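Down below are the structures I want you to see.
Next come two complexes built around chain A: one with chain B, the other with chain C.
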Partner chain A sequence: MHFWQDVLFGNRMITLMAAMVLVLQITMVTQRWLVTSIRAFAVQSFLLACIANTIAYYNNAPHIYAAALFMLVVKAILLPVIFERLVSKIEIRQEIEPLINAPITVIITGLLTLLAYVVAESLHRPDEPMGPASLGHNTLAVAIALFLIGFFMMVNRRKALTQVLALLSLENGIFLAAISLTYGMPMIVEIGIFFDVLVAGMVLAILVYRIRETFDSTDVSRLSRLKG
Partner chain B sequence: MIEKIFSTLIQIALVLLLSPLVTGFNRAFKARVQTRRGPSLIQPYRDLYKLLRKGMVIPETASWIFTATPYVLFVTTLLASLLIPTVSANAPLSLFGGVLAVVYLLALGRFFLALGGLDTGSSFGGLGSSREMTISAIAEPALMLAVFTVAIGAGSTNLSTVALSALGQSWRFLAPSQMLAFAALFIVLIAETGRIPVDNPATHLELTMIHEAMILEYSGPYLALIEWAAFIKQLVLMTILVNVFFPFGLATDWSAGSVLFSLALFIAKLLLLAIVVAVVEVSNAKMRLFRVPELLAIAFVLSALALVSTFLFQA
Partner chain C sequence: MVLFVLLSIPLLACGLALAAPTRQWMEAIHLASAAGTFIAALWLAGEVLRQGTVSQGNGFFYADDLSALAALLTAFVYLVCAPYAVGYLHRDESLGFLAADGDQAAILRKLRMFYSLMPLFAFCMYLVVVANNLGVMWVAIESTTLASIFLVTFYGRPTSLEAAWKYAMIGGVGLSMALFGTVLAYYSAHQVLGSESVSALNWSVLALQAAHFDKTVMRLAFILILLGFGTKAGLAPMHTWKPDAYCEAPVPVAALMSTAVLNCAIYGLARFYVLTGRCLGPGFASNLLILFGLLSVGIAVPFIMLQRSSRRMLAYSSIEHGGIMVLGLGFGGVFGVLGMLLHMTYHTATKPLLFLSVGNIQQHTGNDALRRGAGGLVHVLPVSAPMFLLGALAVTGTPPFSMFQSEFMVIRAGFGGEHMGVSIVFVICLVAIFCGFFHHVTQLVLGPPSGAPREKIILWKRYPVIGLAIVVIVMGFWLPAPLYQLIDGAAHILAVQP
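Take a look at the complex of A and B:
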C-alpha cells in the first residue's frame, strides 16, 4: 500500500487545503487590489476542487469527481476570467473601498472564525472512527467560517464587483460543507447549483457593467439615487 | 556529565564555524542569481579574521555600555544557540530553558545593541536603534504566537522535546497549524535578520538602514563580535525553522554514523533555507519603512490563525 492510499494522509491533505482556503478567504477580505481578490478566489475554488477530488478518491464516488470538475471549470477558470475581462473593460483596478478599515476587519474575521468553531464544536463527535466516510468532517468549522466571512465581506464592500465575489466565496463555503459532510448533494442538484452560479455570475457581471455605464462608478450606494 | 560538557563544546564550535558559512552561502547564491561574480563562500571568515586583528576607535562620548555591548550581544546569542537542537535532538543546555529563553536571550542582546547605538549620541545610532526596536516590538507577538502554536502541539516549550515529538509523528509538518506557524516564522526571520523587504544588509544609505545604522560607530574586534553575533542569530532562527518543523534525521544518540548523517542533513536543510531566503531577497524590492508593520501584521495574522487552527482541526 502506498502512503497516499492511507486515509490518514488524505485527512491531513484535506485539512491542510481547508486551512489554505480559510487563509485565502481572509486574504480576500483584507485585500486592497481587485485583481488580487479575483485571483485569490480562483485559487480558493481550485483548492476546493482538490478537496472534492480527494474525498472522491478515497470513497470511490464518481459523482463527486463530476462536482470537482464543475467546480474547477466554472469557478476556478470561467468566472475569474469573466471578471478579469470585466475589470480591464471598465478600467478600474484599485477599486475596493471597505467600510471598515483593515485591522478591525481582521479582528472581526477572527471573531467570526471563532464563532464558526464554536458552532462546529457542538456538532463534533470525537469518538467517530477514522475512515473514508468521515473524511473532511473536521472542515465543517472552515465551511461555516467561509460562509460567515463571505456575508461580512458582502456588507463591508461598497463596490458591486467585490460584492459579487463575496457572494461567490460564500457559496464556496456551502460547497465545502456539502462535500465534506454528505459527499456532495445529488448530481442533479449539483448541476443546478453550478449552472445557477454561472448564470448569476454572468448576469451580475453585466449588471456591474451597466451600473458603471450609468453612474461612472460601481459604488452601489449610488443606486439609491434612482428613487423617484 | 562529561558527555554534556563535550556536546556543549561541540555545539559551540559548530555554531561558531557554521554561522559565517550560511551567510557566505546566502551572499554567494544571491550574487549568482543576479549574475554577478560575488564574494567567495568563505569571505565572512576572512572579514571576521581581518576585523579581529585591527585596532579600534572608540568615540570620546562613549560610556561603558558601548564597550559592554559587543560582549553581551555575543554571549547572549551564543547561549541562545546552545538551547536549540542542531545536530543532536538533545540540545546541550536544554535543561536550562526552552524557546522562551531563546527568544528573550536574543531580545536581551538586541536591547544592548540598541543601547550601544544610542550611547555615542550620534544621530544615526539613535535612528537605527529606534527603528530596530519598532520592528522587533511588532515582530515579537507574531514570533511568540507561532512558538506557542508549536509548543501546544508538543506539550512543552522545550525545543528538544518539541523536536523529538515532531520526530515521532511523520507528516506532522503537513498539519495546517504547523504550516501557518512556519510561514509566520519565516516572515519573522526575514525581519529579524534584516533581509531585503525589511532592511538591506548591504547598504549604508541613511534613509533605509536599520542594523547598519546602529553599529556605525563600532570598529575592529568589537565590530567583528557584533557581526559574528548577527551571523549566529541568523543561524539560531534558521535552525529553529528547519529543526522544529522538519526534524528528519536528527540524531537521537551519539553514534558516529547517525551524528554525521544528521550533520550532513542539517547543513543541507540550512543551505536550502538560505536559498529560499536569497530568492525572496532577490525577487523583492526593499519596503518603505512604514509598510514594514503591515508585513509583520500579516505574520501576526498567520500565527494567530495557526494557533486557532490547532483547535479548529482537532478532529
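Take a look at the complex of A and C:
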C-alpha cells in the first residue's frame, strides 16, 4: 500500500489545506489591494477543490469529483478572471480605508474563529471511528469560521467589489461545510448552486460596473440616498 | 404533464421575447405567457384537488395543496400585471423615461430586457413551489433575486442602482444563510436517510422521517433558514432592502415582488417549519416565528405613520403583512395556520390593486409623494384614486373586506394559544397602521379639486385595476369552494400536531 492510500494521510492533508484556506480568508480581510484579494480568493477556491478531490478519492464518490470540478471551473478560474478584467476596466486598484483598522480586524477574526470552534464542537460526534466516512469532519470549524469572517468582511468593507468577494468567500464556507459534513449535496443541487453562483458573480460584476459609471466610484457608502 | 407545462410556458416566453422582431410581438408573447401560466396553474389546482398530490419527473417535481395554492396566487398576480405592464410601459415611453432622446433602438432594447426578464422571474417563482428537492427550492429562490435585479435597475437612475445593490447584497447574504441552513438540515437527515440516495433532500421523503432527525443540528438549521428566507420575505430587522427596491422597480415588478415573491419566501419557510415542528415539537419554531412576526408588524407602524412616499408606504405594509403571515404560522393550531393561508390569498389579491392604482397616480402626477401632493386626486383620476382608497380600506383589514376575516383568525389563534401579551400588542399595531394609512390616503385622494388636468385614459392600465377591485370586493363575501378546499388542504399540511 502506498502512503497516499492511507486514510490518516488524507486526513492530515485535508487539515493542512483547511488551515491554509483559513489563512487566506484572514489575508483577504486585511488585504487592501483588490487584485491580491481576488487572487487569494482564487487560491482559496482551488484549495477547496483539492479538499473535495481528496475526499472523493478516499470515498470513491464520483459526485464529489464533479463538485470539485465545478468549484475549480467556476470559482477558481471563471469568476476571478471576470473580476480581474473588471478591475482593470474600472481602474480601481486599492481599497479605501476599511471601517475598522487592521490590528483590531485581526483580533476580531481571531474571536470569530474561536466562536466557530465552539459552535462546531456542539455538532461534533466524538464516538465516530476514523475512516473514509469521517474524513474531513474536523474541518467544520473552519467552514463556520469562513462563514462568520465572510460576514464580518461584508460589513467592514466599503468597496463594492470587495463586498462581492466577501459574499463569495462566505459561500466557500458553506461549500466546505457541505462536503465535510455530508459529502456535498445531491448532484442536481450542486449543479444548481454553482450555476447560481456563476450567474450571481456576473450579475454583480455588471452592477459594480454600472455603479462605477454612475457614481464615479465604487464606494458603497455613497449609496445612501434612499431613506425612511 | 401539467407541471412541465407550467414551467415551460414562461421559459419559452423568455426565449421568444429575446428573438421577437417588434414590440407588438413582445407584448403579445408576454400576455400569452401570463394567460397560459394562469390556465396551467388552474389545471394544476384541479389535478391536486382530484388526486391529492401530483408528482412528475421521477419525483423531482412535486405539488401538493400548498404548492398549488402558491402557484395559483403567483399566476394570478402575473395575469393581472401583464396587461398593466403593457400600458405602463407605453406611458413611460411617452413620458421619456425609457430613453432620454426618444432613441427607438434604445427603447426597444429596454423593452426586450423587460419582456424577457418578466417571464424568467415568473419561471423562477413557479420552480420554487413545484421543486420537491429543498436544495433546488433554494436555488430557485436565489434565482428570483437574480432575475429581478435588472428589473429593479430598469430606469437606470442612481437611486435604482443603489436599491439594486442593497437588494442583491442583503438578499445574497440572507440566502447564503438559508443555504447553510439547508446544508445543516440535510446533515441532520443524513443519518436517517443516508447520503447515496438522490431523493435525500426531497420534501416528500423528509416530511415522513422528520421525527428521527438530529435535533441539535435541526435547531441550528431552522434558525439559519428563518433568517435567510426571512430576509427574502422582508421580515424585520432584515427588511431594509424592501422599501428601496419597491419604489425603484417598475410598478408591475413591484406588485409581483410584494406578493408573489413574499409568498415564495413564506412558502419555503413553511416547508422547513413543518420539518422542524415534526422533529422538535411545535414550541421552538413557533416562538422564533412569533418574535420575528411581531417585530415586523411593530417596525411597520412608525414608518407607515411618518411616511412621505406612497410606494414606500406600500412596502412597509408588505413587511407588516409578511409579519402577520409569520405570526399566524407561529401561533399555529387550526386557526393560526388557516388564518395565515387565507391572509396570504387575500393579501395577494389586494396588494396589487394598491400598487397598480398608485402606479397610475404616480405616472399622472409625476411623483409618489404623500404630503406634497395637493390632494383632491379623486377629481383628477376618477378611477384610480377611488380604487386606491378602496384598496387601502381592504389592506388595513376594514370589514367587510376579506382581510378582516383572516386577521381576525390570526388574532383568535393568538388569544386561543395563550399568547395574550403578543396578541394585545399585535392588535394595537394593527390599529395604529390603520390610522397611519388613512391619514395619508384620505389626504391624498379626497379634498377639493386642485385644478390639475384629468388623467389620460389608457385602457391597458385601467381594466386591470377595475378587475382587481371587483375581485377584492367579491372575495369579501364569497370565496370559491374549490379555492377554499385548496387552502384547507394546505392548512392540513402545515398544521403540526404537538
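Here is the rule we go by: the second predicted complex is superposed on the first by the 224 of 228 C-alpha atoms of A that agree within 3 Å, B and C clash if a C-alpha of one lies under 4 Å from a C-alpha of the other, contacts with A are read in each partner's own complex, and residues count from 1 in each chain.
One rule holds for everything that comes next: a residue touches a chain if its C-beta (ideal position, glycine included) is under 8 Å from a C-beta of that chain, and two chains touch if they have at least 3 such contacts.
The model shown is predicted, which means the values in this text are computed figures rather than measured ones.
Asks: Would chain B and chain C fit next to each other on chain A once aligned, or clash?
Replies: Overlaying the two structures gives chain B and chain C room side by side.
Asks: Under the stated touch criterion, which partner chain does A:F9 make contact with: chain B (first), chain C (second), both, or neither?
Replies: first
Asks: Going by the contact rule set out at the top, does A:E171 touch chain B (first), chain C (second), both, or neither?
Replies: A:E171 sits against chain C, while chain B stays out of touch.
Asks: In the overlay, answer first, second, both or neither for which of chain B and chain C A:A200 touches.
Replies: A:A200 contacts chain C only, not chain B.
Asks: Hey, is it chain B or chain C that touches more of chain A?
Replies: Result: the larger residue contact count on chain A belongs to C.
Asks: Going by the contact rule set out at the top, does A:Q163 touch chain B (first), chain C (second), both, or neither?
Replies: After superposing on A, A:Q163 lies in contact with chain C but is clear of chain B.
Asks: Let me test your reading of the model: by the given contact rule, A:L223 touches which partner, first (chain B), second (chain C), both or neither?
Replies: Touch status of A:L223: second partner only.
Asks: At the Cα centre of chain A, what angle separates the centres of chain B and chain C, to the nearest 10 degrees?
Replies: Once the structures are overlaid on A, chain A sees chain B and chain C at 160 degrees.
Asks: Between chain B and chain C, what is the tightest CA to CA spacing in Å in the combined model?
Replies: Scanning every C-alpha pair, the shortest chain B to chain C distance is 19 Å.
Asks: Taking the stated contact definition, name every residue in chain A that is touched by chain B in one complex and by chain C in the other, in rising order.
Replies: On chain A, no residue contacts both chain B in one structure and chain C in the other.
Asks: What part of chain A is in contact with chain B in the complex they form?
Replies: 8-9, 12-13, 15-16, 18-20, 22-23, 26, 103, 106, 110, 113-114, 117, 124, 126, 128, 137-139, 141-142
Asks: Considering only the defined contacts, which chain B positions touch chain A in the complex?
Replies: Of all residues in chain B, those touching chain A are 171, 174-177, 179-180, 297, 301-302, 304-305, 308-309, 311-315.
Asks: Chain C touches which residues of chain A in the complex?
Replies: For this pair, the touching residues of chain A are 119, 122-123, 147, 151, 154, 160, 163, 167, 170-171, 173-174, 177-178, 181-183, 185-189, 192-193, 195-196, 199-200, 203-204, 207, 210-211, 214-215, 220, 223-226, 228.
Asks: Along chain C, where are the residues that touch chain A in the complex?
Replies: Residues in contact with chain A: 60, 133, 135-136, 138-139, 142-143, 146, 149-150, 153, 156, 158-159, 161-166, 168-169, 172-173, 176, 179-180, 182-184, 186-187, 190, 195, 198, 200-201, 216-217, 220, 243-244, 247-248, 303, 306-309, 312.
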